[in-house]
Structures are given as C-alpha cells and as structure tokens.
Amino acid sequence: MFKKGLTRRDFVKAGLLTAAATGLGAGVLKPTGLWAAEAKIKGPVKVGYQAILSGTLAGYGEFHKMGVDMAVEEINAAGGIGGAKLEVEFRDSTLKNPEAIKNARYFVDSWGADFLAGVDSSGQALALAPVMAQLDKPLMVTHAATEKLTEQEVFKNGVKQIFRICTPTYQDGNAAAFVAKDLPAMKWATISPKYEYGYTCWGMFKDTLGKLKPGTEFVAESWAPFGTTDFRAHINTIMDANPDGLYSVEWAGELITMMKQADQAGLFKKIKHVMLPVGAAMDVLEGLGAEMPDNIWISGRYFFLYPDNPKNNEWVAAFQKRWKHYPAYVSETGYSSIYAFKAAVEAAGSKDTKAVIEALEGMEFDSPAGKRVFRKEDHQAMYSVPWGLTKADPKYPFKIMGKMVVIPPEECFNRPPFEGAASMPPFKS
Amino acid sequence: MLESLIHVCLAGLSKGMFIWLVASGLTLIFGVLGVLNFAHGSFYMLGAYFCYTLLSMFSDNFWLGLALGPLCVCAVGFVVERFFLRYVYHLHLPYQLLLTFAFVIIFDNLVKILWGGGSIGSPTVTGMAGSVSIAGRLFPTYSLFIMAVGPLVALGLWLMLEKTWAGRIIRAASSDREMASALGVRVPALYTGVFVFGTWLGAMGGGLAVPYVGLLTPGMGEGIIIDAFVVAVIGGLGSLKGAFLGALIIGLLSSFGTRFIPSFDMFLIFILMAGVLLWRPQGFFGEAS
Amino acid sequence: MGRYLPYMAFGLLIVLLVCIGLFADRFVLYLTMRVMLLSIFALGYNLLLGRTGLLSFGHAAFYAAGSYGMALFYLHINPDPLLGILAGVGLAVVASLVIGFFCVRHTEIYFAMLTLAFGMMVFSLIWNLRDITGGDDGLVGIGRNPLLGFSIAKDSQYYFLVVFFFALTVWIIHRIRSSPFGLVLAGISENHQRASFAGISIKSYRLAAFVISGAFAGLAGSLGAMLESNSDPFSAHWTHSAEPVLVSLIGGLHTFSGPIVGSVLFVVLREIIERFTQNWMLWLGIILLVIIMGFRGGAMGSAEQYLARWGRKFREESAS
Amino acid sequence: MSSLLKVEGLSKAFGRVVTADGLNFEIHAGQITSIIGPNGAGKSTLINILSGTLAADAGRVFLEGRDITRLPTHRRVRLGLCRSFQVVNVFPDLTVFENIQIPVLGIVRKAHHVFRSLRRERGVTERVMEVLGQLKLVGRAHDLASELSHGDQRLLEIGIALAVKPKLLFLDEPTAGMNPVERVETLETIRRLSATGRTTFVIVEHDMDIVFSLSDRVMVLHRGEIICDGTAEEVKNDKQTRECYLGEEVIE
C-alpha cells in the first residue's frame, strides 16, 4: 500500500499541467472532433462514485448505480471519453460524515480518481466541501439537496471543485410555492422530516408563498424524526388544524408509509390539495402503486415522462431494456453526471481539475432531463423539473403525472449573491 | 377537540400494541435466558420479508403468509440459539450482546442481497384495507385489529405461563436455572424452545407489520429494536406484565407528545427510560430487592 | 527481558508511525490517523470495559462532546487548536461526570441500558439544538491553525500531532493500568462485593474509570473534528459506541494492546474487503461471529495463549 | 472490658418475615463471640446489616461510640469493621499477592493513585508480605487465586479481611467446606490472631464443636431475637436454646 508514492502521481500531474498549458497555448481555438480526443486525454478517466448502499436507504444506491453503469457502458462502447477509457468505482457512503470523507480520500489519493460524484446526504456534502478543496478534484453532487452547499461553500467560500447536477431545495420549496399560489387553498400545513431538509423546504415554501399570495396562512407543522414508521399522530395533528392544503417533503420509504396511513385516516377526503416535492421518486410511485391517490401534486429531481422529447424517450427505453426498470431520479442524475464530466473533459481537452472546472462553469449540455446549464457563480445545474398531478394510466402499474406545470429554474431558484430579499423569488425581472 | 383526543388515544394504543408484539418476545427471552437479544429486530425484519414473499406466492393471501412466514424465521432462530448463542451463556455480557449484534449485521445484509436494497411497499389485507368511522373521523380497521391482537397475545402468554405444564417449567427455569436442572428439566432444550418461541413472537410482529407500516426495508429492525428495548426496560427487564404496560405508556406518550408538544422527541422517552432504570430498575411490577 | 518487551514494542510502534508520517502517501497517512483516533477512543474505553467490566453504549456521546466542544470553541471563542482540544476534552469530562454519576449506580445490562438512554439523549440534543449544533448538517468549517507556531494545516503536519496524542494516550493508559488504581479497577471487575470489603468505594472508582474513558473519547472526538474539519451528529449515535467494543473485542478485551491491534485490523480489513465487495458489512458480521465463537481472547489474547503454550512446550522439551 | 460495637433496637423485615426484631447487644473487644441459631434465624441478615450491605428498617449501630448506621460498606471497613464470607469470595483471576494488595491499598488510602507505579509502593508490598506470612501463603504469592486449593482460598479470604487491619471481624462460617486438617489449622490461626489483641472476632457458625471450643461468649439467635447470651457453658444448659435446636442438632 505504501508503494504508490507521491512521486509517480506528481509526475503525472506535472505532465497534465504541461498538457493543459499547451492546450491553453493553442489559444482560443475550440478543440473539436477526433483531434481533440486523441491528442489530449491520457490514461483512463476515473470517476469515484459514492452513494448509500446499506441500511434502509440502500435502494437509492442501487438506483444511482443503474444510471451510472449505463453511462459507463455507453461511453466505453462509443470509444470512451476523448479516446480514453472510462472507469467508475462505487463505494458505500453510509450516512456518516467520516465515511464519506474516507471514500473521497480513497478515490483520489489511493485509487487515483480524476472526478468524484454521488453523495446523498446533505450533511455529508457539506462535510466534503473542505476535503474537495484540499484534494482538488471536481465533485458532482447528484442527490444531496441543501442549498447551503452551493450558496455557502461554492459561492461564498469559493470551493470551486463542487458542482450539483440535481435540483436543490429551491425546487422543493420555492417551485412548490409557485404551484400552490394558483390553488384555491389559503391554509397550509406540513408533515415533514425533523431535520434540516424538512425545516428548510417548509421555510422556503412559507416564505415564497407568503410573498406570492399574501394572506396565506400556515396553520400547523408536525415533524417526524428520521425513521418514523407510525405517522398516525402526525396525521391527527394536521387534521385537527383543518388546513386546505398539505405540504410534505417526506421522502423514500417514510413517504410511502405516510401516504398509506394518511389514506387510511381519510386525510385525502378532507384535504384536497396535497403537495409532495419528492413524491415523483420511482421508489415512492412504485411502492404505493394504485394506493397513491389521484390529484396529488408531485415533483422530484427528474421524472421519466418529462421532457417528452426523443432524447429522453430513447433513454428511458434503453434504461428499461437494460434494467427492466423505470429510471429513478438518482439514476438520471447519476447518468448525467458522467456525461457532464465527459462533455467538460472533451471541451477542456484535458482532465485537469482547473480546466474541467472552467469548462463546467456555464457549460450547457443536453441530458435526459433536458438542457442543463451549470450556473457560473454557484455551480448549480439549472434545468426544469415538472410539478404534476397524479393520475392512473393503464400503461403503467403506478400513478404518473397527468397535468404538468413547469416552473423555470430562473424564476424559482435563489440567485447570487444569496443575500437579502432580492436573491429570493419572486423576482421582478 | 374530543374527536381529536379520541383519535390521539387510538393512535397511541395501536402503536403501543404494535411495539408490544415485538417487545413480548424480547422480554420472554430475556426473562428466561438472561440474554438481551439485539437480533430480535432482525427476526422482526425477517418475519416481515418472509411473510411478504409467501403472501405474494399465494396470490396475496395475507393470512397464509402470516401463518407460514414466522415459522420459517423460527428455523433461523433455532440455528442462532442451538449453534451459536448456546455457547456464550456463560460468558460476559459484551460477548452475548455482540454475538446478537453480529447477527443483526449479517441478517440486514443478507436481506439486502436476497430481496434488494430498495423499500418494498406492501399490499393491504383483504377485508381490512378500509377504515371505520369513530367519533366522526376515520380509523384504519387494521389498526383496530392490531389493538385486538396485542391483548390476545398477552392473554395467551399469561395462560401459557400460569396454567400449563410448560409454563411452570419455564417459570421455574427463569427463577432458578440450577434448581430446574436439579428437578430433571432439560434446561438447554428448554432454552432452545423458549428462544424459538420468542423468535416466533418477533417474527409475528414483523408479519403483522407488513400491512401496519406498509413498507419493508432492509434495516427496518434497527428502529423497532430500540423501541422494544425501551419498553422492555421501563417494564422491568424480563417482566411480561411490565412490558405490556410499558408498551402502552410509550405508545400513548409518543402519540400525545407528537400532538400536544410540537418539540416532542425521543429525548423525553429516553429520560423516562433512564428515570425508570435509576429509581425503579425492577419495573412496575418487580419486587424491590 | 519480559519486562522491557512492552517498552521495545512501544518504541518500535512510534518509529513505524514516524516512518509512515515521513514516507507514506496521503491516503495511508489519513487511514493511519483514523486508526490512531479509533485507538485512542478504544484504549480509553477498554479501561472501562476490559478493566472495570462495564459495558457502555453511551461513549459515542463523549466522542461527540469532544468533537462539538472543539468545533464550537473554534467557531465562537478561539481558533487555537490546543485550547480547542482542551475545550473538547473538558466538555467530554463534564458530560461523562454528570452522566457517569447516574450510570455507575448499576452494573451489567442495567448499566448498558442506562448509558444507552443517556447517550441517545445527547444524540437527540445534538440533533435538535439546531442553532448551536447545526442539527443534522453538523458543524462545518473547522480549520487547523498553527500550533505553538508550527503549521498543522497539511495532513502531513497534522499527522504528527495525532501521533503525539496517540503516544501520550498509550503511555497514560499504560501507567494507569499498572498503578494501584488500575489494580483496584481489575479487583472491582472480578468481585465488586469483595472490593467494597477491602475498603474501596466502588462507585467512586467506577465513576473515575468512566470519566477517564470519557475524556479519551473526547480527545479522539476533538482530534477527529480537526481531521475531518466537521462535527457529525451521527458520531453521538449508539451504533458509534459499538465501535470501540468491536475493536477491543477483535484485538483482545483483556490485553493492553488489544484496542490498538483491533483498530488496525478493523480499519485495514474493512479497507481490503471494500475493494472486493460493497457488502463489507456482511463480512464484518461474519468476522465478528468467528471471533466470538472461536477466538474469544481476540487477536492479542489468542496470540498470548499460543505463545504461552509454545513456551511451555519449549521449556518441557529443553528440560527433558 | 470496653464496648467495641453497640447495637440498639435493630429491626429488619422482608415482607412478613421478621429477621431482626429490635435487637440490642454489645460486642466487647478482645473476646471471641459466636452467634449461633437454627437456619433462618437471621444470622446472615444481621451480618449483612452490620457490615453495611443491607439497610435496617429501624435501630442504630455504633462502632467505638460512633454512629455508623448509615455509612456505606467501604467507610465501615476503613473504620475497622470487616467480614469474610460463607462461600469463597476472593479475586479469582488475580494473583494471591494482588488479592491482598487491593485491601492494603484500600486501607492506606493509596488505591486512588492513578499515575504511580505499583512497584514503587514499598510500604504496601511489605504489608502484603506480612499478611501472607501470617497466613503462610508467601510461597504462593504469584499464583492465581483460582489455582489455590479450597482451604487455601478460604485462608486467603480471611487474609483479605485481615489485610484491612480490622478492629472487628465477622467470620461467616469460616471453616465451611474445609477438611479436618485445614479446619484445625484455621481455628489455630483465629486463636493466634485473637490473642494478639488487635482484632476482635465474631464468628457465625453451624459447627458446635468450633463454637464451644473457641468462643468466650455465645449468642443464640432465633427468629430475629436473641434468646440466650452467655458463656459456652451457660448456653449449653439453656432450656430455650435446647428447644429451638430440637430435631436440628444435638448440643453436647
């Protein structure tokens, strides 16, 4: 283990720097086609991917892996990244910060990763920020949603190595408010996870909806600790407050449990407007099947029926063929994260960190979820994910989105400098 | 307000009875064998998975799954006791706890490998999918069923321990192992029997959880085992009567807490647990030593 | 000769650690630091478990107290690393004194359950006091300022601070084990009733052992906060308390070096297993099972037994 | 003759079973006192209360005039009140030397030294060797206690109690389970130690031979009450004593 000395890698690094310098020297000429590919990228492109592969959320790791594996197979079959072979290694992130940090260090320092991707937990993403600055390799976050990562760590602390390809809490909080303002509901309540994610999303939802539709009341909050299996007391709390609408960022298995128990308690008969920002996750839709009521507002980080264009439809078909499964949103973000690296490396003509970061900043690329642009200031991918109303469809064994509403990210994502009311929606322009 | 109170009560009672179903096996095993079984949560999980698999095989017949699933888990319990646990009874506490802890890790991962890491939404029970109207609000029929099963299990255990020959032997062995052995009871066989029976109770809890929680996940046993520990402790370790009461208290406390103290948390439950351990470690029904 | 063996082993260990610090690459450096932190945690813990015979499921709380104490001190009061460590250890000592005061009234399973309850209270406090602890996001942005004028910002520099505290821990724990206090702890573990009839106040001694082990947990926690530059709420969860137990058991519960050997095995074995399979947890479970069923002395205990048997055989042969 | 221990109105009941019913007595320094009584008479309870492992329901206990009713065990030990046990009760996995070292450390108040090497405690080592010498166990100092014969373990047990230099020592059936040779040796040891005058012995026994050959004074306990208190001769001839022992053991 000790033999893998610094010297060799330093040597390689030096070589890469020279290569990058030559690339820059070649001027503003945009490298195109095979020339760029064959001339620049040396050795395999290695991506270290970590996701949760154990415990109650292990299913998410499996979904990540499906998307990523597919991207790797496709890319390598088509000649790799700029002619170089793509290699991906997976590790279990668990939920503990030290494990995520150890994985990142292993990938970069021991395995020799050029890029990192994955990460489910917000706490882990935040903990990884200083580590990525030290390791100096780009990290593409594919699931963790905390806005602090991009606002605080990337924008304010200048950890430029971090990018996020999935939608953050803005989609769950702000976008939901834009949808909610057009609903005939004036009193809202929530059952949400008793941790930062729940508090933040509900906070954003309240804040934005309050501005969009003054007079809206927020009448009850019931917080469910991580791992709750019995939501009946929470459901009672909400029904006592008699709201018009229920907003809930419960997710994964807990959302399934909550929905079943709410249905049994007759909640959907009393409360007509229900918004589930992560309800469009495949595990939730499939887990609930026909038990998911109709006319519930759901969204996610991606939904496989949007956008309805050839690229997405072909991808979904290919995914289904490969895995006998519809793609979950983490499958898409995982898949696209690999393609984002591919696009950036090929644009930069190098896998050198600095060059790739520069290429990623402001980069526009096409993905199954539609066109994505990495915002220069905070490295957040700007793309739209629909909000939709659930409905049954004979083609699918689960509920899908019927009517869809798309809130453009420019309209509902917080903006730099992330300070003061002007940074938060609604925006004047 | 009254309807709310009634429903908070009902939610608490059903939750309490649900925890009792799992805690009863844990308590029985501790009472007789003196081993606090971390793997009891795994038996709960295995019970749920076996029950789910069997019911899907038999065209969603929940009752058939519930009858057969826990029996399969009993076989697992038998192996655990007969070939592993038996050899650590005489050892210090850490060895016993860590042995059962090792099984938690192993079973969690085996389930992940065999059934996949994702969560499985489980079907509802035919005839119990709906709800009944109580005090102007709906309450799930299946929760009522759980509330009925809990006391039935308690009654059954009581009858078995107090009125049957096997029960007398179990009580004798739990109060004095040497004495029972001197009276000609085959203590090792008895221990295996009690462990397997306790396993069955835990697995039944898991089977009944399939429609109650509505979800199966690998690692689902780790949450419930802490609840069951708390209940077993505040009832006085090894006391079935105490565990029954403890389960009711925890169920009602968390239900009322969630409703009326918004900041309510497991903090209060653990304070209760510590308080009982400090001032009445023998539980509600135990004699002061 | 036998008397000096431990000192030679200790010397060799330090030389090896320094060599790693000078020549190994960054990941090995990092892993070695993790091993040392786990060792500090487990060495202290084993004073309570192996020596005094008390199984605690709450020591993660003291690790977290060290970690959060360090982080809060750094973020709000003073960014000096040494003062930060002192603050972390101080908080851990206070926490273990308060919690220990209640817990040492019981032994065996009741003690284990009490520590579990108190530990989970701390976990829940950390989870819920969001304004102070950052909730589940934890505290981030803990830097490493120069220590007495020496930079410790780089891993290769910070490494030697960790080596220093590791060596200090090994030395202190060794001294404690060979002191009157250490003997009395062993006596309490063997037969607490007899110990109290030897004029020993068992509760005070148990409390002292509890606080000492809590202090080392806090030391490991505050060093960990600086290593990872964050404080993690899960570090207070009871499953984290199981780690020093596992490590002590793997290495040998009743040996001095057990926790160190166990930490090395735990971290290195996992690193190796993870390169072959993502189901590393399954293998951990199986290894645990094998140790409990077949090698109860742990690595060091079993080695000692083997050496003793071999030595006896050798003596018999040379005698005949 | 000075009063070493004084007991006033001591009572203890477990549910409806009364095991001590308003006991009043004194123990005098220098005398070997025996407490006898049929099974269930309350002998064990009495020792447990006096040594601090059980709390009395009522009554007070004085050691050399000092009220020790509420003191915990280890404080009583430090004041000079100690006991041995019916069954072997040593530190089995420690050496014989260490078995004695612990009480010596406890009594010289050095047990809390966290940071000093045991080897440096010269005074402690000397005292341990002295106790081992009294017990004639010096040769086995570095063997584990569990490796000793049963008789030697009982002896070690008494040694642990003696190591705290008690003024008053309760011996609970000191010769139970010993073979006749060991028994004679142990009795000899007790007599010798008593003669030095440093320790006053109170013996709880079943074996009447031992009681009558060793004791200066005998107390008979029955259902939590003292029914007879006097010299061996007086007790032998007491009618009530004979009655309560009838059918259990014949007093010669």
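A, B, C and D are the chain letters, set down in written order, and residue numbers restart from 1 in every chain.
What we mean here is this: a contact is a pair of C-beta atoms (placed from the backbone, for glycine too) under 8 Å apart; a residue touches a chain by one contact, two chains touch by 3 or more.
What you see is a predicted model, and the numbers here were worked out from it, not measured in a lab.
Minimum number of contact steps separating chain C from chain D: 1. Identification of common neighbours of chain A and chain D yields C. The chain closest to the protein's centre is C, with centres computed as averages of CA atoms. Per-chain CA centroids place chain B at a distance of 48 Å from chain D. One simple way to say how far apart two chains are is to compare their mean CA positions; for chain B and chain C this gives 33 Å. The distance from the centre of chain A to the centre of chain B, with each centre set as the mean of the Cα atoms, comes to 38 Å.
Counting partner chains per residue, chain B has residues 108-109, 112, 265-266 touching two or more of them.
Chain contacts: chain C has residues 128, 281 touching two or more partner chains. For chain A, the set of residues that touch two or more other chains comprises 53-54, 194. Chain-to-chain contact here is organised irregularly, matching neither a line nor a ring nor a star, and falling short of all pairs touching. Every pair of chains that touch is listed here: A-B, A-C, B-C, C-D.
Residues 49, 53, 55, 102, 105-106, 108-110, 112-114, 116-118, 120-121, 124-125, 128, 238, 242, 245-246, 249, 253, 279, 281-282, 284-286, 288-289, 292-293, 296 of chain C are the ones touching chain B in the complex.
Put simply, chain A touches chain B in their complex at residues 53-63, 194, 221-223, 225, 227, 229-230, 232-234, 236-237, 239-240, 252-253, 256-257, 260-261, 264-266, 269, 283, 286-289, 291.
Partner chain A is touched in their complex by these residues of chain C: 20, 23-28, 30-31, 34, 127-128, 130, 134-138, 140-141, 155, 224, 228-230, 232-235, 240, 271, 274, 278, 280-281. Note for the complex: chain B touches chain A at residues 4, 7-8, 11-12, 14-15, 18, 108-109, 112, 116-121, 124, 130-131, 137-140, 142-143, 209, 213-215, 217-220, 222-224, 254-259, 262, 265-266. Interface of chain B with chain C (complex): residues 36, 84, 87-88, 91-95, 97-99, 101-106, 108-110, 112-113, 226, 229-230, 233, 237, 263, 265-267, 270-271, 273-274, 277-278, 281.
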